[in-house]
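Each of the two complexes below includes subunit A, the first together with subunit B, the second together with subunit C.
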Partner chain A sequence: MTGLSESTSANRPAARAGSSATIPVPGEKRVFMTGNEVVAWAAIAARADIMYGYPITPQNEVMHYWTRLAPKFGKEFLQTEDELAAGFTTIGGVLAGKKAFTATAGPGNILMQEPASMAEMMRLPVVVVIMQRGGPSTATVIYSQQEVILTTFGGNGEGFRIVYSTSGLQELYDYTIKAFNTAWRYRFPVFVLADGYQAKMREPLTIYDPLARGMELVPPEQYVGRPGMPGVDRPPGHYRNTYNTEEELYEILQGHVQEYERVAPEIMEHESLETEDADLLIIAHGVVGRAAKQAVEQLREEGLKVGCFRPVTLRPLSAGALRDAVSRAKRILVVESAYGQLGKLVRDALCGLVVEMFSLYKPGVGVTPEEVVIRSKELIA
Partner chain B sequence: MKTKKKPLKIVVAGEGGQGVQAIAEILAEAAYEEGRQALYIPNFGVEQRGGVSIAFLQIGDQPIGAPKFETADIVVALNARAVLRTRQYAGRQTILVYDNLAEVKGEDLPRQAARILSIPALETAKRELHPRVFNVLILGAVIGATGVVTLDNTKKALEKRLGYKFEHDPKLRELNHRALERGVELLGQVIQGGKEQSGELRAHN
Partner chain C sequence: MRVIRIVEAYVGEYASGKSEVAINRALELVRTGKPVTLVDLDLVEPCYTLRPIKKELMAQGIKVLAWETRGTVGFGETGNILRAEIPWALKRPGHIVFDVGYGVGGARTLELVAGIDREPSFQVLAVINTRRPMTGTVADIVEYVRNLAPVHGLINNTHLGDETPADAVQEGARTVSEAGRRLGIPVVATTVVAEVADSIGPVDCEHNPVRVLRRYMPRAFW
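Presenting the complex of A and B:
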């Protein structure tokens, strides 16, 4: 395995003596591992500095693998007393100029919303990996897509955040790396939304050093403790989450709204398959997108005009592209392992269009391609 | 039988602690070593031990789609509860392999399955090898039934997983290899209905 020296990223202010160890990710390497392990490797490849976390199934092994890898590369880990603390310490790490992240699931994701809201208010680039499990409450430790609304709009605010929904382990690797870049480039909190299946399953993927691929890694910057006298040598840093007047808050939020809307088109991503002439358009995200894609392949083989639209960013949602695809279809079928959470986002995006909308909602359980095929045929017949 | 596009779908189920997940993991690893596509996912719950443990595995030549599926090509059930629990994954093309010591009631067997094979895996492991390698023997039986991976690559995958133990005790490697080979044989005997067969072969349809 050819190592790559961390010192090649010399423009990275946070590079410390301790993290000058070689990055173990080779130029390219084919591996066969679980999603939790993939996240830990991706965070190393993204040159994350520190993870804060509290154990919860099914994301525990993100922490386990990170704590195995971290000391070898001068990276750090702090186990906190709960997810509130994990979120707030991640914020602390970011304020100190570290690429900091955390990972959680289910009830932990609920607690994570308070620090996430603070990160929205203060425009802090925290990265949070979510492995969705069954809900409400403790429910199952296994799998669901029931944390979509929570992860996109879970705070007491406007959802100034970016949420990537991955469909498999290659994407989990790619988007975990991308999450750090998006966070530090745009200064909004970024979530990588996966699920218990992706956390625990094993499949082949290629891990790589993003620098060796010529990718840019956006360097972190200190928020607090920068050199110079505030107001004299440099502008003071006002990182506030408390405002005295309605007008003051309103003005700040207007800035956030404008900035979010300005950058959203650069961030939005989706995948579409056979949507050009589709009479029936299946809309699914994450791992369920795989079942939808398989169903489309089978139905196309049978000569049926079915396509699939998979939003990769659930927030901001690629509403324009979705409306475009939907306007060509006669009917749409929303498929998810939840009871209409993606459905809500889709309805919101499609407001004003006239189309027949159907669903295959399976809260807390996996969706197989066979079920999608059967449901699709009912709608085509 | 399989078109190139469709992966082979395998369900392995048994009591927690019987080594069900290890069987699937080693198979998946062997397939990966062969440069094939593989996706393995355990069915996990809140229990620390006990309960029926299920592994879902798909091996093919194209990237695998959804991680779970409705109908398996082969179901391996290591005890009676596992037979009952996995009945839903048996379709008309499915081969069910179960241990002959599992006290399975006739009505619990999936009638729709193409073939139902009961093999004396636990008995053989106890008598000829060691109860510890029961799951490796089952692994051999799956390879025998499907030919989905080669024996050599399975040995490599075993080495990757247990190599550190084999280093301390080379006899353990030998024991595991014998269990693997015996598993392949055992299934062959059952299918061919040879003299040494102590299981039964029943075909429905």
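Presenting the complex of A and C:
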């Protein structure tokens, strides 16, 4: 399913003037939505200015809804010729001082890695929403968690980026708003990593105006075209992704490393459930984390000491908190809809600890609470 | 008096509940003893279609014109091709219910059905959930339904999934009824799951008849 199906003005810039509505969500409202819509509404609520995009299932309705909402709120949209262009035009929007974002999936995410690397190199606050689909290659349009390594460490570089993995539609709303703040506060590219299930599923959530809740919205800034004489009134804006010598690059990257390490503790987020006395610790992220939590609740009702650790930021990963939780457990069980991608991140974070590690890997397929319960009981018995 | 058969098409916003309402309508009609055909005319959104529950509905006596998932293997992303029997659905006897894809694109698909412009009792019904933000206010609904034209009636299908309070349904009834008055078309029914229907009764606060829904669509993904 590609292309735009209704009421979209794909190549026509949305009306800038004449938009009357400035408050995207007056007050708070309990609503029934799909995940793709949620992203579009959240971006409006975050006061994003423009979306650049190229269609790919399962993220198409992010674009559909953005283009339906854009004229009402004075926002803009550009459909590009592919995801490379969508990523680079998002960079262009950011350089011009716009809160710009794009959304993609699967093979589109692969193409998005070149502009994402550029954004890393130039410290540009682009926001990218990923709805993971099956892989490798075109595979399925439906669902997976197989874009974890790609999204956390894709591109030629060091993974100087922030990746939020959401587990449902309320989080998708909250973290899409947060992604713009994190991007503009820290000036690293930010990914909201969801999946085809979250994109298409329907559930109730509360949408709100973040300003009405007293939340701060970090304002964007122009990188280029600022007032004043460069070098006289202000430092010249020289944003580079190319360096002449190894030493020059090394020096710049040392700055990136230090800055990333410095801000990482402020950014890291995780959720833990019943980890204090857990003999078995289940580690899962995103929508699978939801299944894991339900499994823990059921296992606890049966008196079994099982807990769950769910990283919300996959990059930077809350390694310290994870190590604490794991050090109290006898065994860990990594559950994901991929063949060991979260597993890789977890092993890296746990390096040096001694613990028995088990897995429930279902690449490209959903994981139910029942499956997690069965696997957990095998490991506890 | 000759009883005219019922021919209804359910249109509306993405995820407004068109399929659920259409399925339940077909089941209601089949209990009258007449033949009922339910037509899956959703060419817009390949995820939520009648395919996975086709056999279950057939077992309840409805003739279902829809693909089965195994029949679509190999279509790839284009996975939606009109079944050859669908354009001729109106040649069939009895009541006909169309489950149409979302939005304007979906509503236009009805043009593919032979004889639909000459069907005397043909009704296009727009399914509205006022908790869907694009159709959350009277003004939004009026604008949306005008784009879908022609629409003969509205269905208030306001809900919040498993968390639906009765007052949300009643609030939806007031909003949809006001939109209907402005559009000059009736609200045909308020649709609501059994758990909530009990506290509302046979009619909603706007005196629209209440149709009780049984939910089939949570099982109907691909």
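In this text, the second predicted complex is superposed on the first by the 360 of 381 C-alpha atoms of A that agree within 3 Å, B and C clash if a C-alpha of one lies under 4 Å from a C-alpha of the other, contacts with A are read in each partner's own complex, and residues count from 1 in each chain.
Definition applied: a contact is a pair of C-beta atoms (placed from the backbone, for glycine too) under 8 Å apart; a residue touches a chain by one contact, two chains touch by 3 or more.
Source: prediction; values computed, not measured.
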item: Clash-or-fit label for the pair subunit B, subunit C on subunit A; value: clash
item: Contacts of A:359 with subunit B and subunit C, given as first, second, both or neither; value: neither
item: Touched partner set for A:32, first subunit B, second subunit C, both or neither; value: both
item: Touched partner set for A:293, first subunit B, second subunit C, both or neither; value: first
item: Which superposed partner A:369 touches (first subunit B, second subunit C, both, neither); value: first
item: Subunit B versus subunit C as contact partner of A:222, first or second or both or neither; value: neither
item: Touched partner set for A:80, first subunit B, second subunit C, both or neither; value: neither
item: Which superposed partner A:67 touches (first subunit B, second subunit C, both, neither); value: neither
item: Touching partner for A:203 - first (subunit B), second (subunit C), both, neither; value: both
item: Subunit A residues contacted in one complex by subunit B, in the other by subunit C; value: 32, 57, 141-142, 200, 202-204
item: Of all residues in subunit C, those that touch subunit A in their complex; value: 14-15, 44-48, 77, 79-80, 102-106, 129, 131-134, 136, 147, 159-163, 168, 221-222
item: Sites on subunit B touched by subunit A in the complex; value: 25, 28-29, 32, 37-46, 64-71
item: Contact set on subunit A toward subunit B in their complex; value: 32, 57-58, 140-142, 197, 200-204, 287-288, 290-291, 293-294, 366-371
item: Footprint of subunit C on subunit A - complex, ascending; value: 1-2, 5-7, 25, 29-34, 37, 41, 57, 61, 64-65, 68, 141-142, 200, 202-204, 207
